[in-house]
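Labels run A, B, C and D following the written order; every chain starts at residue 1.
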């Protein structure tokens, strides 16, 4: 089947040139939920582009009768971030104009909602579907009021125009999937909101960070946070509901790369997730292993990041994927001197046990530069996994 | 008199070199409050360096008997930000490593305080001085617990080390003055916290932005916010106190410049403020005009910023300091085209009356780039001022 | 009259977006020479955009019978450089990918010519027009061979694709005008090649830098150098000819600005130059003052640039346009210390007499940063000029 | 034995802070030649720092009697380049202030020499040692005249101060070794000047680029070029001499890394080279394989670099070290669209046979971005090598 392809201008540059985002919309024969999938919000995080490319090719091969609902795909969704270069590297994590992290700019309804608990109270006698529709309507109405400022002669900063474009496409979706990867070098995992652990399995990844803390500025958070707030409010009023709304960030390996294994996992995970949600009718899916698939969940505040305690060069670092005991030597810092002394080697021990899931690409470190990240936990927790690098 | 000069290493770089901050401490003969004055936290905002240089020279010319309390001065307080260059320009507004705005990194006790109202309750029978001492002790104790993370093998990001150094010097001060200027081109004004309007006069500046909103991440906010919270809590409990604690950000003109008029205003204002606080015993100070000096206060949420609504080049912009009627043409955007059309001129009208207090240095604008800022208000409010540019 | 408008893609970005240049071609009724005018090759140098915009509007108001030959105009000619930002500043002087200065990338036929003197010898019996045609043909043939590499699977660096696009438009022009301005803050002047001094007058600017040295990498040089080489070679062979080929760089004031006075001078100068060349038939032009206009020529190697001899902040700098005696204090460096000493003031004297024609925008200087530029010469040489800033 | 450690300030920053280089000088008991070894001239190229660190430790373990002549080592030789960051990456290939490539700034005596052939003529009756001494003296005298400009009130750009510092240390050395690596990801190889092929063997690397073209701006070139010119001139006059002067650039693997294998090769190669030159008396060295070691020399103009012919994402790239036939698919470009079309895959074939010796780190490419480099040549030339990645 062929998608509808929509091209949307997002910015006119000083030179008069314009940059665009392009949406591929696959509309199924059968009415149903909406899935929204984007990639490359951070300039260096390109693996998701290959995932979306393969999904577009895959969906083109289907018949419209095999799709329930609609699937929207937006690869290379952030032209300003993607095309930014500093020397040969993709420096598009934050906007070079104002330093804003491209994934901390989004609009969170909950921050502007006057009284969610009052709304919840007003809905207790309605069906989940009715409540979902009513709430969605309120969110969208409030959201589209942003246009007033955007269209005023006084304008808004680019990040506010840009977020409006992306959220216009995604805010009414049931399932949002934002494909990221490490800025540096990382394992494949996903971010999962509290209460959606069961759904997370369908992505067939080994690890998930459980979002026990979030502020609503990231793309996944902005979409999900108001719904979790409403669910909580309804539960308090004795009406526990889980809405058909989910939001995911997939982390697919290493930055500035499209690692084939990470890409393959991304494609298979999203196909399986959509099949599990009933949106794709394809042979063999959802895969039989879905229900038995075991995900290791790590609480977000159980991540430990290491930063250089002195300036220097990193050597003998334990590889990505290593399971650690407390006290293991994580890496050495070869620290040079400018006061007439010799260079020295500093051994850096692990402050607790865990698994190395992300490491820096750059082995040259100013004091305070990022070195690596650890899922905290006893080795047994991570022991069953085999890494083949 | 001679100050004590202390040199503090703040970072070891990858090359092994170290960068420092240097504190000039003038200790008066008479015990009294502590004033802390710094400059150049943002790399482009250099006017305060000349102010502090002149204050150092001025204080050297005094006798220790003329100073009550102690005055600490830290010019060029952010080496990483100051020395950063992009082409010929000072690009040090945010850290080139992680995009963090150098003035949105600070530690705010209130965010970690478990229960300020409980503390307030426990102090209602004490004198203001006792409460101030007790609260200060609690804040400092909590603050110095940050050392545990800083000294751990896992380290902390540079901005967290750096803020610890600056706040170690300033957190026990009664009066904190942070000298900024516009990143672009601006008038001279200051930021003033609610309830400190009377003190603001002593700086003898024409405008003040009244901080009716703040989140505690800026340097002035981080120092002041916990005290305002305690004052509010005590007031609720029927014990209104204004502690001898104040925090100020001075905005001294245009970025990448040390405009002599702005510098002179900064020096005179700080001398007068310190004299008013009884810290300087110098002839003629506080200046007689201090009490009658009229400051125009503008609420922080009554600032309107303009951003380019299209890409292009700015022409015929009204000058800095212009008082506006609604609908006045603020500037034109000469917008070029890349689709076979002619360039066009877009007139941009003022959406409300006010005073232009800040304008961009760069007349080339991508859509969403910053153009200028306005204090909203009727022309009469600003009518008496004369600008001589 | 209406121009032909041509839109040319110059690059596809990683995101799939494309950037363009757009040419406005005014074709006169009468055959004649070709003039090529561009602006904003360096990102910060925007004044020429307003010049070209006004020229487009002016030419639209003419009748095709008033134009002899054709006039091509390319405003905002370097999208990658123009849209580049570092913080609020236009950092587009060099390509952020490889550090190449956008105006040191051009193709110079002379560097590839096997034997110009042999060619000259072969042409001594032909008319200047014939020689000009023959040489042009050779240059263009060689130039278009660059396509082989550009079209190969191995590709070429972006700067080589880009220069090919710009030079494709301009290499057959008789008169090339490249509108620049200072990266920093500067007077209005132009660059003039040896032997074209008489033509320079028509621009009605007060100063010209006489290019007694050039290497062919700049846009004006790349166009002109092969012709000067041929002229020299023919002269050696007893056939002095001045071809109807000229190439100019106009420097129109301050960077990141479109100063109205600089823009007006640019517009008037180009109109007058084209009228003088017989391309424009407009009342009153060439202006009567053209022949008597006196230009102060300064040899390129008689420019003195000053760089900071220590790190610090600049104060009390003499203003742009000042005529100097040797030993005059040009500026002071307020140099801070990090070894326990006081800040100090360094006076920087002029090492010879002259005129300040360019000054840095940024008063914060690392050791070795640029401060200002001087046309060397006795004060009498510059004495007659009045500056009104 | 202990080295003499000298710390040399190279720049005072705007903040007043200073950066340094530090030289470790091992002076042998026996008079002899001088070797100069530096690393990290380009900010991302850090492998040489580990090499020099290990050499310092190794030399400390020797007795002064084991060293003939003197060995100077300068790790982390370019603080401004090394500490530069753009996001998490080391962007120090060119100076962020003026775009100058840190390894294209050096002073080449030949460019200023008035007449080397005249000098050669004047020396034909002297011994090689005498000529070498006389020439060295002339070079150094001319070089130190640069101080006049450096010390003048007008100053010089930072790169000119900096090159003066580095060349002051190295210009009188017999053997200069500059440790680089790829900005991206590369094999281990070295640059070798014409006529020094025999000496190159001692580094025990598999590949060498033979410098049949050079302009004297790189560090190795600036040291070597005047000597090659003199040798050529003397040869013309019938006095073929090879002076005891050599200059090398080692390329040690991948940027932003200190790959242990590359480091080990660097250490062993330099030890062996110094032993071969008679400067180190250590058991087993020079290694027996030195004379039989076979180096594959590739002419500098037989390197082919590939650049993206469209914007897009790179996939299925052949790995570093692959030996190619003409027409082999080197990589695919996944090119996205913003005009309503589908993404497409572009296959990029090899335009000639050869060996992939360098590949980009970043798989996201604007049109014209660098992809990979090839040593051109028939597969048989490279066939014997085994790569184990």
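In this section, a residue touches a chain if its C-beta (ideal position, glycine included) is under 8 Å from a C-beta of that chain, and two chains touch if they have at least 3 such contacts.
In UniProt terms, the chains line up like this: A, B, C, D = Succinylglutamate desuccinylase/aspartoacylase family protein.
Only a predicted model underlies this, so the values are computations on that prediction, with no experimental measurement involved.
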Neighbouring chains common to chain A and chain D, by label: B, C
Which of A-C and C-D has more C-beta contact pairs: C-D
Rounded Å distance between chain B and chain C, as computed from the means of their C-alpha atoms: 42
Separation of mean Cα positions, chain C and chain A [Å, integer]: 47
Inter-centroid spacing, chain D versus chain C (mean Cα positions, whole Å): 36
Multi-partner residues of chain C (each touching 2 or more other chains): 13-17, 19-20, 22, 76, 82-83, 85-88, 90, 93-94, 97-99, 311, 313, 336-338, 343, 364, 366, 369-370
Parts of chain C lying in touch with chain D, wherever the complex brings them together: 11-18, 93-95, 97-101, 152-162, 304-313, 330, 335-338, 343, 348-351, 364-371
Chain A-touching residues of chain C, taken from the complex the two chains share: 13-17, 19-20, 22, 40, 76, 78-79, 82-88, 90, 96-99
Touch list for chain D against partner chain A, complex: 5, 7, 19-22, 43-44, 46, 49-50, 53, 56, 75-76, 82-83, 85-91, 93-94, 183-184, 256-258, 260, 311, 313-315, 334, 336-343, 360-364, 366, 369-370
